[in-house]
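The following pair of complexes shares a single chain, subunit A, combined with subunit B in the former and subunit C in the latter.
The block that comes next holds the complex of A and B.
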C-alpha cells in the first residue's frame, strides 16, 4: 500500500487498476504547500486499487494506491 | 586440578565464548569480535588492555569486551567492542570499568573512539557492582557527553543495545546499524507484553530499519557487518583526530561528468519537483558523498563530501521528497548534522530549494516550531565557513533555517533561477487579496491575479535583491562548483567564536 507522506490534495492520478508499475515509477502527483509532490511505487507490481480521486484532500499516512 | 599456564589463559582469551555461541553468531552473519577488529584496523597492530579481566571466573574471558588502541587509515583510534559469545556481550563490573578506561584513554590521547556494540545489557546478578556507583555504567554515558565534540565518537551496532545500553549509540556522533541484527530498545518485546500489554516483534519495535527510517536513532543502515565497518573507516577520513585540528584535505577530483548540466536539470517552474542528488553530484568531487540519515526525513539531504579535496558538510532540500518542505524530523536531522560539522571544523554548504516549514494541525501538535528552532539555533551558532546557496527558492522561515543573510553566512549566493520571499507568488496574492478577489465578478479574477502575480515577481526579483545587497552574488547554475571552490579557499582562515557566555539555552 502506498501512503501519503504529507497532507495535501490529489492533483493527478497517473495509473489505473490493472496497470503494471516499476519500482520508482510515479503513480500520482499530490499538491501541497504549492508544490508538486510526486508519489512513487516502492516496488514493482500491478495496481490493484486506486483509493483516492483527483481533487480529494488527503491527510498524512492516508492510503493512496494498492500495489500487489 | 592442574594450574593453568600463561598459554592456556591466552588461548582462552583469544577464543572468546563457547563454540555454540560462535556457531550461533555465524548463522546470523555476525563476525567474532576479534575478526571485526581485524577488518576495522589497517593491520594486526593492536594494543589491548584488560585482556585478562575476569580470567579467574573461567567462562568470562576479557569480561566480554575488548578494549584497546589501533590504527585506521594510518591514524590512531581507541575502540571498545562487545563480545556477544560471552554471556551475550552483557556488562559486568570489569566490562564497565574497561569501557570507562578506554574512554579516559581516548580523552587523554585526543583520538576518535569507536563503540562496536553487541550486548544484551547489564548482568542483573552483578548490578550493585556495575550499575549505580561512581564508576558504574552511568559513568560511560557521562564520559560520552563530556567527550562529545572533543573527539569523534562512532557507534557500530552489530546486535542489540538494550535498556541503558541503548544510550551508547544515543550519545555517539553517528550510529551505523546492521540490518536484521542491530536493534535498540529500552524494554524488550517480552517486557513490553508483560508491562504494557503490547504484542510486538523486535524488528518492528526497535530494529535497524525502523531506527534508520522512522525514529532517527540510527544514521546509516548497512546490509552486512563488513559494509558497516567500511563505512566507519570512510567516514573517519572526513574528520580530524579531535576538535583542535582541521580535517585533512585529499587530492582534488573533478565532479562526475553528465550529459545534462545544472542549467538543464533545475526546472524553470518553481513548483515542479527535481532530484537534488543530481545537483550535488555535479558540484562535489566525484564519488565523495558520504550520506548521513539517507532514509530518515528524506526531504532534507545531509552528508559529508569533498569539494576540491576539502571536507564539507552539505545540507540540501530535496524537492522530490515532500516538496522539500521542512518538517519536525528534517529540522532535527539538520540540527544534529550542523552540530557535528561545526564541532570538527567542517565547512557547511546550504543548498536551498525550500517552500518553507510545513503547516497544519498535525505538525503543530508535533511541535514543529520548537524543532525548527533547534535547527535555527544550531545553524546560528555554527562558526565554520558557512555558505548559503539559493538554488531555486527560499520562502519564509525556510530562508532563515537554510542560513539566510541574517544568520551570518560568509556569503549568500543566488543562482539565476532563485526566488527569495516570505512566501511564493500564488500564496502571497491569495493572502493579500483574498477578500478583494472574492468580491470580484468571476470573469475579472484571472486577469487581476495574473497582474498582481507579475508585480509580485518583480518585487522579489533576484537582481533587485542583489541590488539591495540582500544577497552577495548572483551566478549562473553552471558556475556553482567553481564558486564553491574559490570561496571555500577564501574562507579557510575564518576563526571566530560565536559569543561569550556559559552556554545557550537550547530549544529541544
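The block that comes next holds the complex of A and C.
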C-alpha cells in the first residue's frame, strides 16, 4: 500500500487498475503548499486499486494506491 | 487624506506586518480569512474580520468578489494586497478601482505591462535599462545563430527554446564552437522535446540576483532605497536576503539605482516596487523583471534605511508626495533575512502539521516577522513560508554572527523546517565571505549535506 507522506490534494493520478509499475515509478502527483509532490511505487507490481481520485483532499498516512 | 480603514487581502506574517503599521498610524484594519485560517494570528490582530471562503486559495484569498464585498461592507477605503496572491493581478486592481476603492500599489495598466516578460523587456529597452541580449530570437540556422552571437559578443549560451534540465544547452566561446555545436544540439532538442527551436543569449557566469527597491509617488517623484542581494535560492525561491549587497562596488550601486529610477519613471510607476537584476562577475547588470508590489524581503531595506515601507505605501496610495530625497538617505549598518519554511532541509518537501513547540530567539539586533504561534496548525493550502528572521549589525560580520546565534536557539517542533539548512548556510565560509551566487545551494549546501 502506498501512503501519503503529507497532507495535501491529489493533483494527478498517473496509473490505473491493472497497470504494471516498476520500483520508483511515479504513480501519483500530490499538491501541498503550492508544490507538486511526486509519489513513487516502493516496489514493482501490479496496481490492484487506486483509492483516491484527482481533486481529493488527503491527510498524512492516507492510503493512495494498492500494489500487488 | 490618509485612510481611516484598510482591508488587507492576505494572510499570515505579511498581513500581520501590514496591520502593525496601520495600527501605529491610527488606521483601522480589516482582515479576511478562509475556513482553515479562522483562528490565525492575523485574524486576531485586526480590528475587524470577514470570512471570504473555503480553504483552497481560489475560493478564498483569490476570490475577488468576496474580498471586494468584505471591503464594501466594512467601509474600508483601500485594499492592501500584500505579496503573491492577488498582489500582481491587474484584473483585481481594476476591480478594486471599479468598486470605488483604492488599490495600494501601481495602476492596473502598469501591473499588466510588467506581468508580460516580453512587454517588460521592450519597455526597459526603450528606457535604456540594460537587458540580457538575444533572449527572444528564434534561430533558423547555424549561420543566423553565428550572426546573432557576433552582435551579442562571446561567450554566449546556446539554448533550446523548449529545453529543460540542461539538455540542448551549451556555453560557446567563439564562432567555430558555435557552428560545431548548433546542429547537434538542435537535433538533440528535436528528439528530446519534439521542438528544435534554438536561440542564443549572453552567457552570464556566476550570476548574482540583486534587486533595487524604489518608491514612487503620484506626483512624478521616484527614489531608490538601495539594493538587496537575494542570490541564495532553492527551487528558484529566495532563502537568504541581505542589504546592502556585499558584492557590488559603490560605483555599480549608483549605476543600478539610476537604472531602477529610469525603469520606474519610464513606465509611470507608482507606489513601492522592485526592479530585479542579474549581475555578472564583472558587475555588469541586466534587467530581469519588475515586481509591482511589496517584497517578502522588504524588512532588510527597512532596517538599513530606517524607513517603514508599508507606511510609504499607504501615504503614496492616499496621494501624499514623497517628502524624502535620494541624497538624504544613507545606509545604516547591514541587515540579513532568512525565510523559515515548513519543509525538510534536504529535499525541500513541504511539511504541514501542528507546531507543538515554538521558541523564538531574543537577542539584540533581531526582528521577527511570524505568522504562527505554538499550537498553530500549518495547513497544506498555502505557501510553506511561516516566518522570517532578520538580524542587523553595525557591520555585515556583526549581522552574520547575530544570525548564527539566533538560528542556534530558534526552535520549532511538530513540523519539519528548513532551520537546519539555514544554520549550515550562514555558517558556510563562502557566505561569511559574502560570496553568494545563485548557484550557492547546489554548489556548496547540497554537497555538504550529502557528505554528512
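Brief remarks follow.
The criterion applied here is as follows: the second predicted complex is superposed on the first by the 68 of 68 C-alpha atoms of A that agree within 3 Å, B and C clash if a C-alpha of one lies under 4 Å from a C-alpha of the other, contacts with A are read in each partner's own complex, and residues count from 1 in each chain.
Simple rule for what comes next: a residue touches a chain if its C-beta (ideal position, glycine included) is under 8 Å from a C-beta of that chain, and two chains touch if they have at least 3 such contacts.
What you are looking at is a predicted structure, and each value in this text was computed from that prediction instead of being measured.
In the superposition on chain A, A:36 makes contact with subunit B only, while subunit C stays out of contact range. When the two structures are aligned on the shared chain, A:9 is found in touch with subunit C, with no touch to subunit B. Once the two complexes are laid over each other on the shared chain, residue contacts for A:24 go to neither subunit B nor subunit C. When the two complexes are laid over each other on chain A, subunit A has residues 5-7, 32-35, 37, 60 in contact with both subunit B and subunit C. Partner subunit A is touched in their complex by these residues of subunit C: 56, 235, 342-343, 349-353, 379-384. Of all the residues in subunit B, the ones that touch subunit A in their complex are 271-273, 319-325, 327, 355-356, 358-360, 362, 424, 426-427. Residues of subunit A touching subunit C in their complex: 5-9, 32-35, 37, 60. On the side of subunit A, the complex with subunit B involves touching residues 5-7, 32-38, 59-60.
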